[in-house]
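Which chain is which? They are A, B, C and D, in the order written, and residues in each are numbered from 1.
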Amino acid sequence: MYSTKYMKPNSTSEALDAINSLGEGKFLAGGMTLIPTLKQRLANPDGLVDISGCDLDSIADEGETIKIGAMSRHVSVAESAVVKKAIPALAKLAEGIGDRQVRNRGTLGGSVANNDPSACYPSAVLALKANVHTNSRSIAADDFFTGMFETALEEDEIIESISFLKPTKANYVKFPNPASRYAMVGVFVAQFGDEVRVAVTGAGEGGVFRHQEMESVLSSNFSADSLSSVNIVSDGLISDLHASAEYRANLIKEMTKRAVV
Amino acid sequence: MEIKDSYELPLSKERVWAALNDEEFLKNSIPWCEKLERRSETELAAEVKLKIGPMSTRFTGSITLSDIDPPNGYTITGSGKGGIAGAASGSAKVKLVEDKDTSSTILSYEVSAQVKGKIAQLGSRLIQSTAKKLSKNFFGSFVKQLEDMDKP
Amino acid sequence: MGEISLNINGKVEKHDVGDNTLLVDFIRENAGLTGTHVGCDTSQCGACVVHIDGVSVKACTMLAAQAQGSEITTIEGIGTSDALHPMQEAFKENHGLQCGFCTPGMVMSAIELVSKNKNASEKDIRDGLEGNICRCTGYHNIVKSVKAGAEKMGG
Amino acid sequence: MSEGIGASVQRKEDKKFLTGKGRYTDDINRAGQVYAHFVRSDIAHANIKSINTKVAAEASGVVAVYTGEDIDVGGPICGWVVPNRDGSATHEPPHPLLAKGKVRFVGDAVAVVIAESLQEAKSASELVEVDYDELPAVVNLETASSGAEIHEGMAENRYFDWELGDEEATDNALNSASRVVKLTVRNNRLVPNPMEPRSALAEYDELNDSYTLYTTSQSPHLTRLVLAAFMFQIPESKIRVVAPDVGGGFGAKIYVYVEEAVCTWASKKIKRPIKWTADRTQAFLTDAHGRDHINNIQLALDSNNKITGLRVDTLANLGGYLSAFAVAVPTYLHGTLLSGLYDIPAIYTNVKGYATTTTPVDAYRGAGRPEATYLLERVMDQAAREVGMDQAEFRRLNFIPKDAFPYQTAVALQYDIGDYEPALDKAMEMIDYKNFENRRSEASKRGKYRGIGVSSYIEACGIAPSAVAGALGGRVGGWESASVRVDPTGTITVTTGAHSHGQGHATTFAQIVTERLGVPNSSVELVHGDSDRSPFGMGTYGSRSLAVGGVAISKAIDKIVEKSKKIAAHLMEASADDVEFKDGKFTVAGTDKETAFGDVALAAYVPHNYPLETLEPGLEETAFYDPMNFTYPAGTHIAEVEVDPATGVVEIVDWAACDDFGNLINPMIVEGQVHGGIAQGIGQALLENAHYDENGQLLTASYMDYCMPRADDLPSFKVGYTNTPCTHNDLGVKGCGEAGAIASPPALINAIINALSPLGVTDMSMPATPQKVWKAIQDSQSVAAE
């Protein structure tokens, strides 16, 4: 790792001051992606602003939504009684990210801000009509993810929390990459009354996306069988040495079927 | 790995061809291009700061033009060294076909990309998506510039 | 460079190191506790697992600076050769290790796994050890050891 | 509980490992040490136009920068060669310590930067400018012969072209067969991945003009020999090689690599200790890879389904340089095993070893024998399917009968003993083979395809009889050494040239001493891994530690017992011929006289009452043991799987292994070896693959892309044994370290094919990834639809 400066502010406003005091600073949340990148010397920030002291790790039931602080570790979400009760699928998703040690450190905000095309959380954000609250605004999920590793966030914007809309029913099923255990395909299905949202991660070249055709099929008939007629197009799907776009297309359908129970 | 796409532009082939050889146009099209200097008729020195997720690496290298067939197309190749990250190169065969009836030009491209070193060793899952994205960004902003310029 | 002070196995370790120092390097190089190992660069092998405030983490994917103010426990801090921790004992009795390189991380992960789930099934154990790679044992005896360790720890 | 031979004694070495007190190479630090970092080629194949180290040399903390031009000693050598078919010799191109003029794989070391800290060494190495003239990469094994020239003057990129067996007889058998079964298989390239990466700490002693190298090695004496005699050309006594605790090896730590040698060489230049430890990606790029064969197989059957002949034409990918035992692996460790445990009258094999611009390939757990077993057990399955016989019964029909031993195969080896049917029967019983079809139909109701696969294997272990090795092109002996020193107080120190990297030698070897001398296990200390402290020995590989090293200990103990009897006879005033030794006591036949082993030991060192005129004092003996033959462990593994047709995921639902390792010294340790071997075999069959792109870039260079078996990928295993003790060593042991990795890949692939055979699937390549299995199912369905 190149040399860098470590800073640990106590509030988001201090964190913003800190990042602005640096030429090319980076926010450090759980560090599960950032630190391995720095170790490989694939980035050279002049400073790291650790936001774990900014009091961003509460989890609260706010009626229609569950609001989760950005610094909530995956393990906290997985084990949260509040989340388990209101959106068990979200707890299940968190329980399946990485391994135990990654879950003990990795955070919701870090994952969502990074928007790795194979990360699990973005699918929940998108399917659960979440609002991403930053230090300056709230961004609706549909506007938040703008491409592979790209989001609507500005350089000096911090996610403070995310509000997930409580669904009538939801489920997340993932097919992990056998080596990295990242999602090769992950499907989050959420039902809100008559409306169904299906968000797919791990598969799209532009990162997480909603699958409109399956959404409309499931909206009229919420059953795995109804998906049989859906043709998943492999255009725009990731193809790598682990899985072709064609195979990913198959997995999208299959994981969605398994998520619809 | 092959990446293909095409755009239809409401412009003459000559106009598009001129833009394809215009340094400013190219500079504004190359994603994250920080520096572009002409070295010869067919070669430009380039510096690009590539950001993919948490990775952020400066590539220095060149843009070369070959198989030049005015005004029908050429091959534009960008290759650069990213220090510890390794090296990357991408080559796009660009073809221009004019449709006399609609007086528009179809710009089509076919890209092949190659990476070396650490980015290949650690980032293989992202190579194809990244190459596609960069090609799209390049031709997307190239086309957009042309379109914007021709707006009344 | 700056001074980083960490509480490791109940002892304060104060050293002048760069902010970019990884926790695992601080533990190995500065505190001289070489039981915590490094087996990969991508936070997957788990040879470097230690506990921070009782929670297992990969010490290769954390800065030493991030661990300030926490209590760090390494493999050297859980038992001694005269008084092994029940999980260490279980690994010995069930031949849960061969070359021993992954073992410290494996034991640290196993202790947390069992402390969270006293009645872990074989599947729970296999899933729970996802973050620790062993090349020698085929995991068969590790799973057996963790089961036995759970019984010892629960009893 | 007994602590002798046959007891599952808990391991003596475990406490230190469990408490974090293990001492691996990277745990050692020396005063004043500096750090080495290697500048490596990012390009698979290129001429080096220039290297500019000037800026790097002036960077902060840098002590020295060296390139190939600075190095005045030789590089790694080839330890085994074979004659070509046309009588010419194996091509042995030079392998410089740092690249000279050319790079031949991604990861090839071009320069070394030595600095006060590792970070400074890394930073400075970014400043080394290498200007390359890129050449076409040669990646594809099948077309390597027509690729760009990799080594000057080496035609068609071929290192060797070797044959074994009777071609005419074999072709006759194929021509007159009632059926010829044909199959082409590929043995996928693997990366060994011991969890401890390679590491070296080299120190030069000016006073004695000598070097000490701490390194993570399976064979410290060989490392010293190669460094001193072949690379540096200095007296061997001027180098001390210490391999402390070694965190796994699996073959990858047998050889002397350039990094260890460069650090040793440079330690004299700069007169400071130098440390280098590979990170995982460097390990992926530079540890010798394993396997990577393509085998074309033709099996001749007569009308009774008996095998009459076998022809195998093999292409072996050996990478950019010829590693130490690279030539032996696809030839003498592969071609000689092609008879398997079958009675095959005529066998012929041709092996061509090619260079490619990839990491060098060498021995990996099993080395050649897994490749032989894989191709043979795949074609056996294919044959059984073609003739419509049960896979197990087809094998049984062709087994070498138990009364045929010693059995001379058509490919040079003579099996001393074996009995293959009981192991097959036991494995079938363990997995409840006879009720498999019920389980298959039950699974099919759940929408799963269930399959069962058999693999019967043999291996040649206890490497190696020196005379045989020498006749076959080996350049070193295959013996092992041991010293047994009885201390005055009766405790025992055993020193051996074998070296443990996880096998539990300290425990197993102590059990031999306990059994023979009657002293408790805790009184036995093992010294190994230090070339200055143990007698010259060959190290640990090829399942040889017990079958060769253990037997050497036993031979040394023979000498101890013989001398002790003479001392005891003197003490008891009896004739040595009448003295018996049992359970740690000497007795005189027909009398009640007895004396304890401890008293004899004391008498040997305090010889107040001692036959000094006929016997030297002291009680310490050394033995060198060179085996008369290989040992031949054999057995049957059966895998049972379920395939999910929707995703192609293969779940291993059961595994039965029945092995004949001869006598077992410590069954607990043996079982652990079997487990680990099976896991690596499963890794090869289902998960692992070193993947190069067409430009020679290794795309699987971290655990993000190279799929290591994890706990949740594997089942628990059922392990059983049969026993036909080895006839030619004193312990009746055969070796067990590689069996699991040899037996398991074909068992698993056969099980998957068996599961999908109702769909018409007859082939599956390794690794059988979910995508590949899913595609096979899809393709079979589209064929069915047509």
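By our rule, contacts are C-beta pairs under 8 Å (C-beta built on N, C-alpha and C of every residue); 3 or more make two chains touch, one makes a residue touch a chain.
Quick caveat, the model's predicted, so the values are computed rather than measured.
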Would you mind checking which pair of chains has the most C-beta pairs in contact?
-> C-D
Take the average of all CA coordinates in chain B, do the same for chain D, and state the distance between these two points in whole angstrom.
-> 49
Intercentroid distance (Cα basis), chain C paired with chain A, Å = 28
Inter-chain centre distance, chain A versus chain D - centres from mean C-alpha coordinates, in Å = 44
Among the residues of chain B, which ones contact at least 2 other chains?
-> 84, 118, 122, 124-125
Where chain D touches two or more other chains at once, the residues are 119, 126, 281, 691, 699-700, 702-705, 708
Considering chain C alone, which of its residues make contact with at least two other chains?
-> 18, 20, 41-42, 44, 130, 132
Identify every two-chain combination in which the chains touch.
-> A-B, A-C, A-D, B-D, C-D
Quick one: which bits of chain A touch chain D in the complex? Just the residue numbers, please.
-> 1-3, 41, 175, 178-180, 241-244, 247, 250-251, 254
Can you list the residues on chain A that touch chain C in the complex?
-> 1-6, 8, 28, 31-32, 35-36, 38-40, 48, 50, 52, 75, 98-102, 104-105, 180-181
Under the touch definition given earlier, write down the residues of chain D that touch chain C in their complex.
-> 10-11, 13-24, 26-27, 119, 193-197, 245-248, 250, 279-281, 501-504, 668-669, 671-672, 675-680, 702-704, 708-712, 714, 716-717, 740
As the complex stands, chain C meets chain D at residues 18, 20, 28, 33-42, 44-45, 47, 74-76, 79-81, 84, 88, 91-93, 95, 97-104, 107, 122-123, 125-127, 129-130, 132-143
Residues of chain B touching chain A in their complex?
-> 52-57, 84-85, 118, 122, 124-130, 132-133
